[in-house]
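There are two complexes below, and they share chain A, which is joined by chain B in the first and by chain C in the second.
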Partner chain A sequence: MLENLQQSLEAFDLALFWEYRAVLLPGLLYNFYVFFLTVGVAVGLGLVAATLRLSSNVVLRWIGTGYAELCRNTPEYITLIWIFYVPPLLLSAALDRNVSFSPLLAAVIALGLASSGYFTETFRAGISSVPRGHIEAARALGMSRSLTMWRIVLPQAVRHMLPEAMNQMVSLFKSTTLVSLIAVPDLLYQVSLVSNATSKGLPLYSGAALVYFLIIFGFATLAQRFSDPWRQRSR
Partner chain B sequence: MSEVGVTSTGRVVVKVVDLHKYFGSLEVLKGVSLEVHQGDVLTLLGASGSGKTTLLRCINHLEQPNSGEIWVDARPMGFRIDAAGRRRRAREADVNALRMDIGMVFQQFNLWPHMTVLENIVEAPLRVRRWPRRDVHERAMALLEKVGLVDKKDQYPSRLSGGQQQRVAIARALAMQPKVMLFDEPTSSLDPELIGEVLGVMRALAEEGTTMIVVTHEIGFAREVSDRVIFLHNGLIEAQGTPEEVILNPTSERSRQFFSKILH
Partner chain C sequence: MDAPWIRTVWRHRDVMWDGLVVTMQVTAIGFVGAVVLGFVLCLLVMYVKPLRWPARVLIEFFRATPIYVQLLWVNYVWPGVLGWPSSFFEAGCAALAVQSAGYLAETFRAGIEGISRGHVEAARAQGMSSLLVMRRIILPQAFHTMAPSIMNQFLVVIKSSTLVSVIAVPDLMYQALRLTAIWFEPIAILSCTALVYITVITCLSLVFKWYTDRLRERYL
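Take a look at the complex of A and B:
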């Protein structure tokens, strides 16, 4: 009984986590690394797809919608594995030489695709939330399409979509913990390495959970703080 | 235009020739022609759906007419004649340039909510006209003075009443120093007690000699301020002339019906 309790307590022995910090914390850097690269990819693809979805051309609209739905409705876990294995196989066959994706590249592509689907929808909703009349008022004063986009539509769209986009970034950060699956050496991956080597995995996992929690909680709180005043100003 | 008993001899600012506009298969304007001279106030009256808004929106090319011509300040709006003498679509930059000279005031005000009152007013003069900042701000303040809203200059539009918002919208349009002002039912979405303040501003503009085309249901205002009135019915001009001729002594059966309903 006592022994059991002691064992359970050991599972929370964060000193062990601290002891291996030299191995573990660089792993955390990988999470941020993947996160920032993925945000770039996802926002870029999301803007392109949102533009397609808002196009006056039916075919382009369909392509944009199809793309977003495909990305949004495939589990990230599967996208990740699929991107890591399948496109290199196809490329190898097509080019007749051995192609492989580095884990980091595959992770950024896969997570980028997956979350770009959500960003597409957020951007589209943000841009189309701007009333037609505001745009017409600008055009009636002689403002060009691009000036109207830049000065009238985007500032309002950003205010409208900021809270949602922030939430999506928070989930994106959570998703970066999946990349250990394909051997990107992130925090979780390092934890599993150390735990295999030392057979003292539990405290390390507890430590990782705590670290992730603190980061994500901090990020979410900041996101909230940051987006609230923006929202209020717009109406 | 002496044939309709108008004394104005100013130069033609807006000229519309045989304008046709369809929405799908619905013909909304069926050949409308009119001229507005400098300093004139033209009022467009007509039942809902008669095409008043569409006509105004064609003049600044927010709607593209299907045929006919629009000239603003002797420049073609929305079309150009190429070297071979054929009619072509205008370049977008030319449309934008001509729009700078046409102020428009909408029923729904359409102020930009992320900008203060002053920012709303100076936006286009600074970024479209590229006039110097100091002059633009000076003139913006003068306009705010004129519409009685100097103390609101740093407020966001959502903090203003409808009447105040519409007065800011008028100032925003005037800040471009347009050659003609278009008003589309500027008081229709206001509470009755706020209508007067907006009509007051418009009346002052008319007295200063601003060239205006006004769509309104305020018959009293139309009678008092207009140099000329056009009564639209189903996309055609049914009657036109001085307010006395068109409103008080209507000759056509339709305008008689329309005005007797409004006046009594």
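Take a look at the complex of A and C:
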């Protein structure tokens, strides 16, 4: 009992976590680095796939839908491992020389693919929420297709999809913790290194959980605050 | 010489099958645990005043921590502090349950709050006990609004269950990584594993979609 109590105290003694800030902080920055790169990839791919899904061509529409479903129905961990190992081997065989992905590149591609499926859905819903009448009116006034998209559809669509897109980004940040599995030196990876070296896992893992909780909770609360007025104005 | 996927995957289909069974066990136990824990947390938040805040904090903590962090936290910290879980398998189930319980608690709360007060008051006026009202009036109606997100959460649990391989629970992902390490044929093994996961999840999501549509047709 006493031993248990002592261990519980040790588990929340975050001094050790603070002591190793010189290695842990760069790890946390790596999380943000991966996050920002991945957001770019995911939003880009999501926009392309959403455009395909909304196209008038049946084949393109199917390709867009199939892509989004495939991305959403694959566990992120297996996407990550698959991208890390398989495409480099295929490329090596095809190009006849050694190709390998750096862990960071594989992580950004894999997480980008995985979350682009969700972004596709969000973008599609946002764009199709704009009433057809608005588009027809803009076209009748002589606006070109791209101008209609830029001036009429997107400003309204963004308002609709912003809250959902924010949620998507919060879950994307959560997935960035997976990159430590292919040795991208993020916070969790550093934590496991330090805990192997010091064999004091308890406070380190508790500290990591707490740090992630504070960041994600803060981010989610801010996103909510920020998107509520938008949601109301768009009604 | 056989094709690589026959040499690696097909010859070891019994190992892969064992892995799939463990995946199903972890998913099922984790999901049932999540439903129970989520329901308890939801009831605490809604009806037990003194425990409202602790329950809220737990829900927010479960929701706002990544599953992988949670898994490592449960695996490394809980045994020292709580004396449980005692095996990797239990730790995996517990982490999955805890993660989804936060989401499900919110789903349950939204579903229960969606029932109009009039129904509850009418039932109480008829002399039904609170328990009976919950069972006969609230839950059957709330189920229709909650079903889509509950089913979606089940798919999330399957996807997250791949991570338990990290703490050496011998699920499908674990076996796939082990075979890859032995044979070094990542193309065949990893692609087949991915295909298994995609097939299972896609089929389930189609069934769930069909069921959701049917519920909507019937009750809206």
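Going forward, the second predicted complex is superposed on the first by the 235 of 235 C-alpha atoms of A that agree within 3 Å, B and C clash if a C-alpha of one lies under 4 Å from a C-alpha of the other, contacts with A are read in each partner's own complex, and residues count from 1 in each chain.
Please note the rule applied: a residue touches a chain if its C-beta (ideal position, glycine included) is under 8 Å from a C-beta of that chain, and two chains touch if they have at least 3 such contacts.
Quick caveat, the model's predicted, so the values are computed rather than measured.
A.B. asks: One more residue to check, A:Q156. First (chain B), second (chain C), both or neither?
C.D. replies: The first partner, chain B, only.
A.B. asks: Give one of first, second, both or neither to describe whether A:E69 is in contact with chain B, with chain C, with both, or with none.
C.D. replies: It touches chain C, and chain B stays clear.
A.B. asks: Which one hits more chain A residues, chain B or chain C?
C.D. replies: Greater contact footprint in residues on chain A: C.
A.B. asks: Does chain B (first) or chain C (second) touch A:L91, or do both, or does neither?
C.D. replies: Touch partners of A:L91: none, neither chain B nor chain C.
A.B. asks: State whether A:V99 touches chain B only (first), chain C only (second), both chains, or neither.
C.D. replies: It touches nothing on chain B or chain C.
A.B. asks: Let me test your reading of the model: by the given contact rule, A:A137 touches which partner, first (chain B), second (chain C), both or neither?
C.D. replies: Once the two structures are laid over each other on A, A:A137 reaches chain B alone.
A.B. asks: Which residues form the common part of the chain A surface touched by chain B and by chain C?
C.D. replies: Correct list for chain A: none, the interfaces share no residue.
A.B. asks: Residue numbers of chain A touching chain C in their complex, please.
C.D. replies: Checking each residue of chain A against chain C gives 4, 7-8, 10-11, 69-70, 73-79, 81-82, 85-86, 89-90, 174-175, 177-178, 180-181, 188, 192, 195, 201-202, 205-206, 208-209, 212-213, 216-217, 220.
A.B. asks: Report the residues of chain C in contact with chain A in the complex, numbered from low to high.
C.D. replies: 60-61, 64-70, 72-73, 76-77, 80-81, 83, 155, 158-163, 165-166, 173, 177, 180, 186-187, 190-191, 193-194, 197-198, 201-202, 205
A.B. asks: What residues of chain A sit close enough to touch chain B in their complex?
C.D. replies: Residues 131, 133-134, 136-145, 147, 151-152, 155-156, 159, 233-235.
A.B. asks: Under the stated contact criterion, what part of chain B meets chain A in this complex?
C.D. replies: Touching chain A: residues 60, 62, 92-93, 96-100, 102-104, 106, 108, 110-114, 123-124, 127-128, 156, 158, 169, 172-173, 176 of chain B.
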